[in-house]
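Heads up, there are several structures right after this.
In what follows, chain A forms one complex with chain B and a second complex with chain C.
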Partner chain A sequence: MSDATAATATPDREDAPRSLWRDVWDQFRMHRGAMVGLFVLSTLLIFVLIGPFIWTAEPIRVNPNTAEMFRSRNLPPSWSNPFGTDQVGRDIMARLMLGGKVSLAVGFVAMSVAVFLGTLIGLLSGYFRRLDGALMRLTDLFLSLPLLPLILVLTFLYGPRLKEMFGPNLGTFFILIIAIGLTSWMHVARIVRGQVLAVKEREFVLAARSIGTPARRIITRHILPNVLAPVMVAGALGVANAIITESVVSFLGQGFQSDFSTWGSMLNSAYYNQTYPMQMVWPGLAISLTVLSVNYVGDGLRDALDPRIRGR
Partner chain B sequence: MLTYTLRRLLVAIPTLLLISLVIFLLVDLAPGSPASEIPLTVPAEVRMKMVEAMGINEPVHIRYLLWLKQFFWTEPLYAIDAAFGTSYADGAPRIISYSSKVPVMDYIGERLPQTLTVIGTAYLIAILIALPIGIYSAYRQYSWFDQVGTFVSMVGYSVPTFFTGLLAIIIFTTWLGWFPSIYNTSLQVVDWATFKQQVRQMFLPVAVLALFNAAELSRYTRSAMLENLSQDYARTARAKGLSEGTVVLKHVLRNSMIPVITVITLGLPAIFAGAIVTEQVFKINGIGAALIGAIHVNDLPVVQTIAFITAILIVLFNLVADILYGILDPRIRYE
Partner chain C sequence: MKLRTALMGAVAALGLAPAAFAERGADGHVNVLYWQAPSILNPYLSSGTKDVETASLVLEGLAGFDEKGVVIPRLAESVPTVENGGISEDLTQITWKLKPGLLWSDGTPVTSADAKFTWEYCTHPEGGCAQAARYEGITSIDTPDDLTVVITFSGPKPNPYQAFVGGTSPILQAAQFANCLGAAASTCSEQNFKPIGTGPFVVKDFKVNDVVELEANPNYRDPAKPAFATMTVKGGGDAQAAARAVLETGEFDYAWNTQINPEMQAQMSAGGKGVLLNGFGTLVERIEMNMTDPSPSLPEGERSTTKHPHPFLTDLNVRKALSMAIDRQVLVDIGYGAAGRATCNLVPAPEMFASPNTDCLTQDIEGARALLEESGWVDSDGDGVREKDGMKLKVLYQTSVNPVRQDFQAIIKSFWNDIGVEVELKQVDASVFFGGDAGSPDTFQKFYADVEMYANNFDGTDPEPYLGQYLCNKIPAPENQWQGENVNRFCDPAYDELWLELSKTSEMEKRAEIAIRLNEMLTKDSYVIVPLVDRGRLSAASNTLGGVVLNTWDTELWNAQDWFRIK
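On to the complex of A and B.
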């Protein structure tokens, strides 16, 4: 804001050169929802990543002393357990931290897989006309598949094999990433293809081609940077989608087992322990806050990266 | 238009065949085959007979073609027989569920009414809520109504239904005791009392789903309205002295509805697939619950059939949306 007033006050002075990302950040800061979202998201990330070093309660293992375990079940919030304990006496705050780490990891990695696949397919089908028809039919095909049922089928039928290979938790992690990544690249591919089709007719691409730049380098050096903005927005919204899908799958009892904590599996075990409703409020609140803030950040990013809005 | 529709229908056939192949192979090639569910104590010759009875001793491509034939030829024949009392099917083998040994189509037919009533009602209510909210918040952009509306729709769109569902159960069932949290499928609506009971048990799932769908739809409506309100024709309509109501509700709304109707049409197949999560939370015995149950007991025919019917509906409604778009927007010409 101060920049704009300064510029109008001294119109003859040339503005100092500003990078694109500086402009984007300035526009992003104007979006109140996006800034709140970014703040909430960073708080959650700190809670999840740094929290376990400060709060060292045991999140997974059940107290082997049965009498003590029984006495520590389903406790209400207190100083030693700020969010209470669950049905086998584990500290809910520690479980929330571990669960958040897993949920966010699944979200980010699955989104990366989807964005990578989508960008690759979009670039190929936008740039090479011969591949376009086949790849777009493939995209349409994937868009017509019933996705949630397929993810559930994939995790249930192929999950056991991966669990044998990588152990129960890592195996579940891999199957979720594969299932979510394979079923959510289509929108990115469509967006990227559209952008590539527009960008590749521009003069700088023609210039690059006329001096004999190979296709691979034209794509990576000239086209890819120009399609990055919508990919980033799609990626941000993809994280939210992947986190929800992971928690849905875990909530339906197909993802991570309920003794290992993720936000979805915590909700699942709390659902069967409805006498203590607060146990489902915490993980549900964590998922909702994460998704809400990611969506707001995505909204702000879209506005900030849109040159038509940023110009104003 | 007609040729376009016909061409799209023809293109849909290979797409559907490919989808059916993907679904069939995905489920069929999975490591946990139904034969592995047979206990090891069963003697070898009995095991052979069981495998034969399930029809899984044939090679994959034969089984796929057989499944296709059953799906597209035998099952429609049975449907015709059931409707007109004929006997074209003549006892041909149907797609049988592994776990309950009834024809899969009968099984789906049993589950479908619950899904259609609950999820269909929710979708209808969502549309009725979303449109006025979207229209008014676009008309009064940046007013407090718009601010609250966009925030609520962002929340409704971000908070997953299993959490809103659980919250609704905690508040309205556990604390207030107003509504039951479990859907009673066997309830027959015969008189006023049972009708009231039906409405009460439908209230929570419908409210949760309607909130979610309305959030998404009102966002679309709002942005479509905003785009059209700033168009030149809206200014022209005002300039020639039309009342605000006519400008907004006749000129702008009709043009804004084009993308919204497309979105609504594209969302319709989801009614069939059942909101899997909502059905699970409120224990509604619908299609979504049937699918989850079938996945858990490795009932491959049920899983394949439900997934494929959903895919057919998605392809069909994509086509319907495209055609509707062409009908509603005269600027779009399919040649």
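On to the complex of A and C.
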């Protein structure tokens, strides 16, 4: 008893109680790459979210005054157009902002869909032995599908209906999210299943089961928190993948309306205007920076969420 | 050393100079680039331009077309007409006379039997002849003597210059192809890869889909031609690389179909090694208006059919306003440069068939707005979009996936927004859009959109079949598996009647007059078709290659026998 009071009276390091997320953040801050990644990603987010309120150039409409439009085509970077203008005289910075909003939104939302699906399927198949075979074969089936053609077919078949329901741009947004989400959950599912299989055999799960905790609660209270780390990492990497997939689909002309901008469609139109390679550099740079920083953030998260690494 | 080189150069120049004018093969070697490589040298087994044009160096017809679309004799002595008695009064028979003394490249004489054999070869029921259309309507070919070919048609043929005219229907040597009739046609690889011909060149070596090596035909009818002893036709790469090879690096003397954007045209021409040649045919980029309602709320099978007229595009003022709002010259400058010119005509050429109409060439935004006001389309709720009776002026504008077309969409959208029309853009993969699959909702024939943009042209120099596409009975509908060409669902009895008159008229001036009238009925009278850009062919030739004349009516290599080296 006196030992215990002595121990609480003289805490080792800090006075305030520490939460899990505080520890995670402290560890995350140690990872320099992750911090740089987070900084770049936040800058990009501010750029695309707040930027359009400050930089009000028209991203989609072409100037109907043809003489003016003609003079403003393919301009190099200047004060009035920091990133120059494109082949029909639209400001590239404004287009990058709009495109970034779309690309990032597609990336994050599609990733969320994929992580949700993957976690669900992984948990079910890892925890319930009877479902395991069927769900894992389904995962194998999806893994063996050629994804890009599948996405193209999905957008082709269901795109028109969604576009009718939600209007051309929102409809395309939904179909892209659904198509990308439906085709990228498999890795998450496999990772989660593996983790669940391991965690399931641990003593605390056994203990929970022995006092009659229902499966639903074991999963949500004991297993899910323990598999969260790899899920978050897979999710972060998934964002990068989704952004690239969106770019590919836009590049192939199956994405949004042709005058709407996304980073992928900007790359596409710049590709045919090779006399001005800078037009290709900007969206390319934006995609690479996003993907790279998201990867680093994912890397940092993995380290930070792993209690075995966190202590060191 | 320098002096010696200079002296040797002078001697060489002296020695070569006089030879350049007279002698066959005096100018050495010429390199031609067809970036789509030829895969066969028998135009009857391929409709690919690359194959037909390469083969035209070796195989020739009785006649061909010059750069103005005029028929010129090749193997024939002269071009038969009604006036010189070569064509019968009732237009059912045409008589060709071969030049006397013609030899195949193997030294055997060319006879009328070869022509008759070629007809039999292409019309054989078991052989899939790619050029069968050129022999349509022929009931018999007679050869009263070795130099006379008499073609009899099943009915009056106002335009009989089809069979044996142009690079797509040359004469084959009967002796060489005798065993290649019908189903055996495609198995005759020796014949199909190395045909014996009468043209300026002979195939020496042919690597399929890669390179054709040719040498001057020793039996060519003009002893002074061709000026080049050997020729290489190389394949591979793309239009851009091809243009670069001629204009910037000078590796090749001639490159076919170098369609590149205007910026690159300017940049590469500055290389100074060659020039871009343009020639204008009948290819017109246009916007087609849908006269029927494509609304998705209609049941499948009734969308875009004549059962439901379009809610606002049936209003002439709306169509005219949409056309008036477009600045065509800007489209040309941005999309095609030297390879295009603004046009108001569906039939821009040949010259005699082209309407002089240039009304549409000046953009008139104010006029377009006034027209819409006049029809009762006003922006009453201030959202920038005009409406009438609760219906908004909103169009769905579709085209195929293509960077130039997407730029056009963006620009035209801005013009139309400017006059108060809301525009939704849609782009469809080209293989689907032009695929003609009746099961797909996105084909240009089904036209589930208000307006659509694409390019089309007609084969040869006679627009009659082309104008015939806009008859009432050519409307695509579920009943004909959406296979008609009248994608606008345009139907005007007066048009049908006039076209029927055209098909019965043989006198050229009269035909031209009617064709111009028909063209105007579709364009400046009704604005059902809104032509934008007359798209030409663009090829590149080296500054050292002389005698090149770009021809859009026949093969581009039509006058390779006249090419020479500029020294």
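Going forward, the second predicted complex is superposed on the first by the 290 of 312 C-alpha atoms of A that agree within 3 Å, B and C clash if a C-alpha of one lies under 4 Å from a C-alpha of the other, contacts with A are read in each partner's own complex, and residues count from 1 in each chain.
By our rule, a contact is a pair of C-beta atoms (placed from the backbone, for glycine too) under 8 Å apart; a residue touches a chain by one contact, two chains touch by 3 or more.
Note that the structure is predicted; figures quoted are calculated from it, not measured.
Visitor: Based on the superposition on chain A, does the combination of chain B and chain C result in a clash or a fit?
Guide: Overlaying the two structures gives a clash between chain B and chain C.
Visitor: Taking the superposition as given, does A:Asn273 touch the first partner, chain B, the second, chain C, both, or neither?
Guide: A:Asn273 contacts chain C only, not chain B.
Visitor: Based on the superposed arrangement, let me know which partner A:Trp79 touches: chain B (first), chain C (second), both, or neither?
Guide: neither
Visitor: Applying the document's definition of touch, where does A:Tyr158 land relative to chain B and chain C: first, second, both, or neither?
Guide: first
Visitor: Answer with first, second, both or neither: which of chain B and chain C does A:Ala240 touch in the superposed model?
Guide: A:Ala240 contacts chain B only, not chain C.
Visitor: In the superposed arrangement, does A:Asp259 touch chain B (first), chain C (second), both or neither?
Guide: second
Visitor: Can A:Ser144 be said to touch chain B (first), chain C (second), both, or neither?
Guide: In the superposition, A:Ser144 touches chain B alone.
Visitor: Could you say whether A:Val248 touches chain B, chain C, both of them, or neither, answering first, second, both or neither?
Guide: First partner only.
Visitor: Considering only the touch criterion stated at the top, classify A:Ser288 as touching first (chain B), second (chain C), both, or neither.
Guide: It touches chain B, and chain C stays clear.
Visitor: Per the overlay, which chain contacts more chain A residues, chain B or chain C?
Guide: Larger number of chain A residues touched: B.
Visitor: Superposition on A: which chain B stretch among 41-49, 95-103, 113-121 or 221-229 collides with chain C?
Guide: Clashes occur only in 41-49.
Visitor: For chain A, which residues belong to both interfaces, chain B and chain C?
Guide: 156, 160, 252, 254, 271, 274
Visitor: Which of the residues in chain C come into contact with chain A in the complex?
Guide: Checking each residue of chain C against chain A gives 240, 261, 263-264, 267, 296, 327, 330, 333-334, 363, 365, 401, 403-404, 406-407, 409-411, 413-415, 417-418, 424-427, 429, 432, 441.
Visitor: Across the complex, what residues on chain A touch chain B?
Guide: Spelled out, the residues of chain A in touch with chain B are 33, 137, 140-141, 143-146, 148-150, 152-154, 156-158, 160-161, 240, 244, 247-248, 251-252, 254, 267, 271, 274, 277, 280-281, 284-285, 287-288, 291-292, 295-296, 299.
Visitor: Going by the contact rule at the top, pick out the chain A residues touching chain C in the complex.
Guide: 61-64, 66, 69-70, 73-74, 87-88, 156, 160, 164, 168, 252-254, 257-259, 268-269, 271-276
Visitor: Sort out for me which residues of chain B touch chain A in the complex.
Guide: 15, 18-19, 22-23, 26-27, 30-32, 154-155, 157-160, 162-163, 166-167, 169-170, 174, 269, 273, 276-277, 280-281, 291-292, 295-296, 303, 306-307, 310-311, 314-315, 318
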